[in-house]
Amino acid sequence: MPLLHLSTWPEVEAYLNTSKGMIIPIGSTEQHGPMGLIGTDALCAEAIAKGVGEATHALVAPTISVGMALHHTAFPGTISLRPSTLILVIRDYLVSLVRAGFQRFFFINGHGGNIATVKAAFAETYAVLADLQVPDADQVRCELANWFMCSSVMQLARELYGDREGSHATPSEVAVTQFLYPEAIKRVPLNPEVNTGHAIYGATDFRRRYPDGRMGADSSLASPEHGQQFYEQAVQELSDRYRQFLQAD
Amino acid sequence: MPLLHLSTWPEVEAYLNTSKGMIIPIGSTEQHGPMGLIGTDALCAEAIAKGVGEATHALVAPTISVGMALHHTAFPGTISLRPSTLILVIRDYLVSLVRAGFQRFFFINGHGGNIATVKAAFAETYAVLADLQVPDADQVRCELANWFMCSSVMQLARELYGDREGSHATPSEVAVTQFLYPEAIKRVPLNPEVNTGHAIYGATDFRRRYPDGRMGADSSLASPEHGQQFYEQAVQELSDRYRQFLQAD
Amino acid sequence: MPLLHLSTWPEVEAYLNTSKGMIIPIGSTEQHGPMGLIGTDALCAEAIAKGVGEATHALVAPTISVGMALHHTAFPGTISLRPSTLILVIRDYLVSLVRAGFQRFFFINGHGGNIATVKAAFAETYAVLADLQVPDADQVRCELANWFMCSSVMQLARELYGDREGSHATPSEVAVTQFLYPEAIKRVPLNPEVNTGHAIYGATDFRRRYPDGRMGADSSLASPEHGQQFYEQAVQELSDRYRQFLQAD
Amino acid sequence: MPLLHLSTWPEVEAYLNTSKGMIIPIGSTEQHGPMGLIGTDALCAEAIAKGVGEATHALVAPTISVGMALHHTAFPGTISLRPSTLILVIRDYLVSLVRAGFQRFFFINGHGGNIATVKAAFAETYAVLADLQVPDADQVRCELANWFMCSSVMQLARELYGDREGSHATPSEVAVTQFLYPEAIKRVPLNPEVNTGHAIYGATDFRRRYPDGRMGADSSLASPEHGQQFYEQAVQELSDRYRQFLQAD
Amino acid sequence: MPLLHLSTWPEVEAYLNTSKGMIIPIGSTEQHGPMGLIGTDALCAEAIAKGVGEATHALVAPTISVGMALHHTAFPGTISLRPSTLILVIRDYLVSLVRAGFQRFFFINGHGGNIATVKAAFAETYAVLADLQVPDADQVRCELANWFMCSSVMQLARELYGDREGSHATPSEVAVTQFLYPEAIKRVPLNPEVNTGHAIYGATDFRRRYPDGRMGADSSLASPEHGQQFYEQAVQELSDRYRQFLQAD
Amino acid sequence: MPLLHLSTWPEVEAYLNTSKGMIIPIGSTEQHGPMGLIGTDALCAEAIAKGVGEATHALVAPTISVGMALHHTAFPGTISLRPSTLILVIRDYLVSLVRAGFQRFFFINGHGGNIATVKAAFAETYAVLADLQVPDADQVRCELANWFMCSSVMQLARELYGDREGSHATPSEVAVTQFLYPEAIKRVPLNPEVNTGHAIYGATDFRRRYPDGRMGADSSLASPEHGQQFYEQAVQELSDRYRQFLQAD
């Protein structure tokens, strides 16, 4: 424990006698600019979820590594589910787990582009569970926790990077991956000019607006040390939030 | 003009020579507490959309009256689409309209519960349009404008109602419907105690948390005069925003 | 009452103690030739449904304004759902309403192109309701009432227009919209020659066959006075039919 | 020839040089009362389709034996597709065939319950073909020919059976199966009383209304000789109609 | 009996008192080279299923004539369902039949390309039946029996044809159709060279690899006499297997 | 490299100039008996895929950790996609990647239950890619490589375990996880009696047949040393196979 993947089913059965909660990391597999890793959002979510799992003795599901990244698909290496597919994936996860007795799902998310679809999926799933007359379907609760929107994380990013944090391929998320995977730190020159301020529409438009993939972010400011700070802040804040989620009446 | 429903196809053809924009009101058909109308979200969105259409000479589509209100379905009179259905509905609307030459879709929304699904639908639709190789698919842009989140509207609500505005069956939205439909003003005693602060999960849980349907809102503060103010603020602010949306490069 | 949108949920709850019936107007958003309104089918269905609701004290749902009009999509301004989407929409409406206690659904339809899909949706929905084990699922009944096929309406159309009534953008439906929306009466010259007699296939073929969108109809024969007559005939005949629908054992 | 199943692909390739037409029989697998065969609708459609194929040198596809019979599913032996499934089946058939060069699809149908769904499927498919940009998608035409609604057939049924023809498990359709499968003629006593006049809703309601499955029909009037007459009339009338269908401009 | 299509519902009701088993033939409608029939897979499966039905007094459903043959669709005359469609078709069949009391489904399959999808459909359907809480859903069992993989059949093919049996448009399957439909034996010269050994990917690639449609098979070795042997072997072996399937605890 | 998640998009762009191949690990999240890890199938597939990626300089996608495990869902901790969902997931992965230029997809699979659905997904996807007219869609090839069916692996298992290898929660797969995750080796007594020989149907039936989750396997025979051997054999054999896959004409 706390990884579901490293547990046996009797261990899960025993866990359910102590907790109905599960943490589900969800990220994305998408371009993160010239130096950000394609797995950034999944890797960050996964690591922080494990940290929260350790801190709270919560079971952590395998990471949903591919999310809703359609707007990044004009860059090679991006993989995206359709929103309609991701809704079904989350429905299937939760139906499996609720039938087994889980009731509190805490999604630790690493990708802004997932938010809308995941919330839609929660709504769809509550209705499906009721349709299926799964016992205690009305006790099921899902919460979406975006690590990059933790107040401690946002404050730290502001302090370290000001408005060079940007909104995609940000130095904060790049830093976390540098902390986690120092062997995969990329040294590439970045154009100091980076576009910002355009809304997100389709994939072709996105690449036209943001030719190297970054949105207003100076990824080069990242460092492994920063990454460790972000990681620790996120784990602490989300651990508190997870405990509150479980304790809410 | 500006109502699509009151136009002919040659008029639409002519309009397309002057603008690629369309306003699409979207609301919901759901309980709004003991005195709020079931159609509140649709009626507000529709009226404000017409106002914006008049102010900006924009074409206004028929209202999507039924949205994503699954969490309200434990109250009679609520009708809800599944998120997965609403995604298809929006896809179908936009595919029809983009094939005809429209490129800028400004959704004026009256219901917080629609936001996630509508955004997911936009993402899905951009990809579908690219798949279909519709000419100029990469020029299509959708924007979601929630009238109740206009800064002028929120400020006015704060001034008039403080924290008795709440978040569902709010006096501000009730006021707009009283302005629009004075014949349907409901006089019913409201419990001065109203729950607030619980997150939204499934429908049964929602009704358990919010027994009369209101979320922290004192709907009784509404008046038609307030409603007119909200209406006018929303129309003005969203008209500006629509113009900017069209002009953005 | 009788509009669901102008009711509160406690009013709906009270209504359900007196009746399990609901009227659902369904139309289309599609070209209706050079002088017919794009909203013709939705506007007629909505107005007649309200009239029937008033006459019978029945609750009237918000109008399904966009229906199955794929064959009209080669004309700008048309919006259509796929049949597969419309089936889901109707399913979602009815599941919401049956769970709340409604059992008799009287669809007042303004568009011939909806008929097949709506009937398919009824069949699909009966099975879904049984699957969901909704209480009293086996008591649910849906009826499709096409106002333009009322015998009184068809007779009047024959008397007034003979075979110039045609089958799309008909003077009878145009007349009803002129009665309802006199401010939107269009004065445009119509080609006295109008095609007729071709079966309906895809959208491109349709526009090739019917270049201005009319099918054998001389829309110019319409007048608001005629419209009032059609409206009143339809309301009367459908009110009778709705009462019989409710009373059937 | 004319059976697709007994042809080779080079024969089909050669056929396409002479005709773009295909006949597709569609029936149902559903209860037909105490003496009617479960396969009645499929068997009649298949045999008549083969007859028309022979008369017109048209290629006949394999029969769609299971159709939309949800309302009969409370009787054992019935198999039904959902409308949404049948739409996909027809879409898949036609996409395969149109890509190969077929353009005229003449569905010979043996089951009233299929009509709505099949028409919806045609509409859906025209749009799908256009979406796929299949060459000559706009030349594709589908026609639904219900053998039991041939004027010659209906007249003969009236002459032979009057109002004892009924509308399900009719002596006319039973007669055709007796002509085709004399070894499967069932001799069972029929209750002379048979219900009639109730609309069709869900499966449970249907069985309650029509306890032995027949709708107003005295199946016992059928004879193989009648069946031959019906068969021949249908083949002749539908052969004419198929030729006109191919020749229509 | 044993054909469902030639039975009445009371006969099926009686049958269910003696057996919960049903045989469902499934084939394909696809090119089988220059001399193999397009219906080969369906015709073989259907005939063998009838033979097994007679031998075991089992009820035989109508044949699923169109299966998963997407890789053959570059040859005219092929019709294919998508895997996702075929899954729904099988789900619909089984839901209908399980609700009526059937529990053992023995699919006699004539097409290798169906195997994966049919197995996926079984898994999907078990879950759907559990979701629907159909009584005794957990007693339902499906078995897929590929006649061409019967050990007796494969041995005979090896003896008769050695490695000229190939894997598509094989002399063994062609022989069975020659036995069943001697009137449809095709006499065409076959290229003695035939490709083999390429994996199956998409339709265009398939036709490029296998220009006349055969995969390593010398269809010309087939004879009706061989066909009878194959037929009899398959019927005998599958009859035994069906009996074991029913008797398994 | 070779992990997609640790690469940047410009690195992927460069990679595509040297290879069109990608390795996609796919496993399952399902019970593996009292001592096998729930993540066994995903962990093995992932590790072996990385090994093959290193040996062949191939890019490795993030693991599909949740597969088709519906039959294991009666044991807590199992998560399963429906086959219909998994088909969409694979479709979405491949559409993203093919649009970016990838053409050879080598799925390294750790779970027998995935095989049918994955193969169905390949067929569906080839057709979707052709529908979408993605450039070079007809060059796309997918191969499914089950590491546990490598001849070297099966031989080693036979040598080490004989028929105590069984077919689920096998000592061979448990051994690989022990090699990979020695910190997660479970010491639990296993019932020496273990069921075997029952076919797989639904989840409830599966648990009834196999009460502790194992199918004929003596997981206790596993050791980390064995695991290393299996791992190395699988990596070597699959590396060869991947190279052949890329080189095939």
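By letter and in written order, the chains are A, B, C, D, E and F; residue numbering begins at 1 in each of them.
Here, contacts are C-beta pairs under 8 Å (C-beta built on N, C-alpha and C of every residue); 3 or more make two chains touch, one makes a residue touch a chain.
These numbers were taken from a predicted model, which means no experiment stands behind them.
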Exercise. More C-beta pairs touching across which pair, A-B or A-F?
Worked result: A-F
Exercise. Between 0 and 180 degrees, and as a multiple of 5, what angle does the rotation take that fits chain C onto chain E by Cα atoms?
Worked result: 120
Exercise. Out of B-C, A-B or A-F, which pair touches the same way E-F does, with over half the contact pairs the same?
Worked result: A-B
Exercise. Chain D to chain F: how many Å between their CA centres?
Worked result: 46
Exercise. Which integer distance in Å separates the CA centroid of chain C from that of chain D?
Worked result: 29
Seminar exercise, completed: The positions of chain A in contact with two or more other chains are 73, 82, 84, 88, 133
Exercise. Can you name the residues of chain C that touch chain D in the complex?
Worked result: 68, 70-71, 73, 82-84, 87-88, 113, 115-124, 126-127, 129-130, 137-143, 199, 201-205, 208, 248
Problem set entry | Touching residues on chain E, where the partner in the complex is chain D | 3-13, 16, 29, 31-39, 42-43, 61-63, 65-66, 73, 75-82, 84-85, 88-89, 91-93, 96-97, 99-101, 181, 183-184, 186, 188, 213
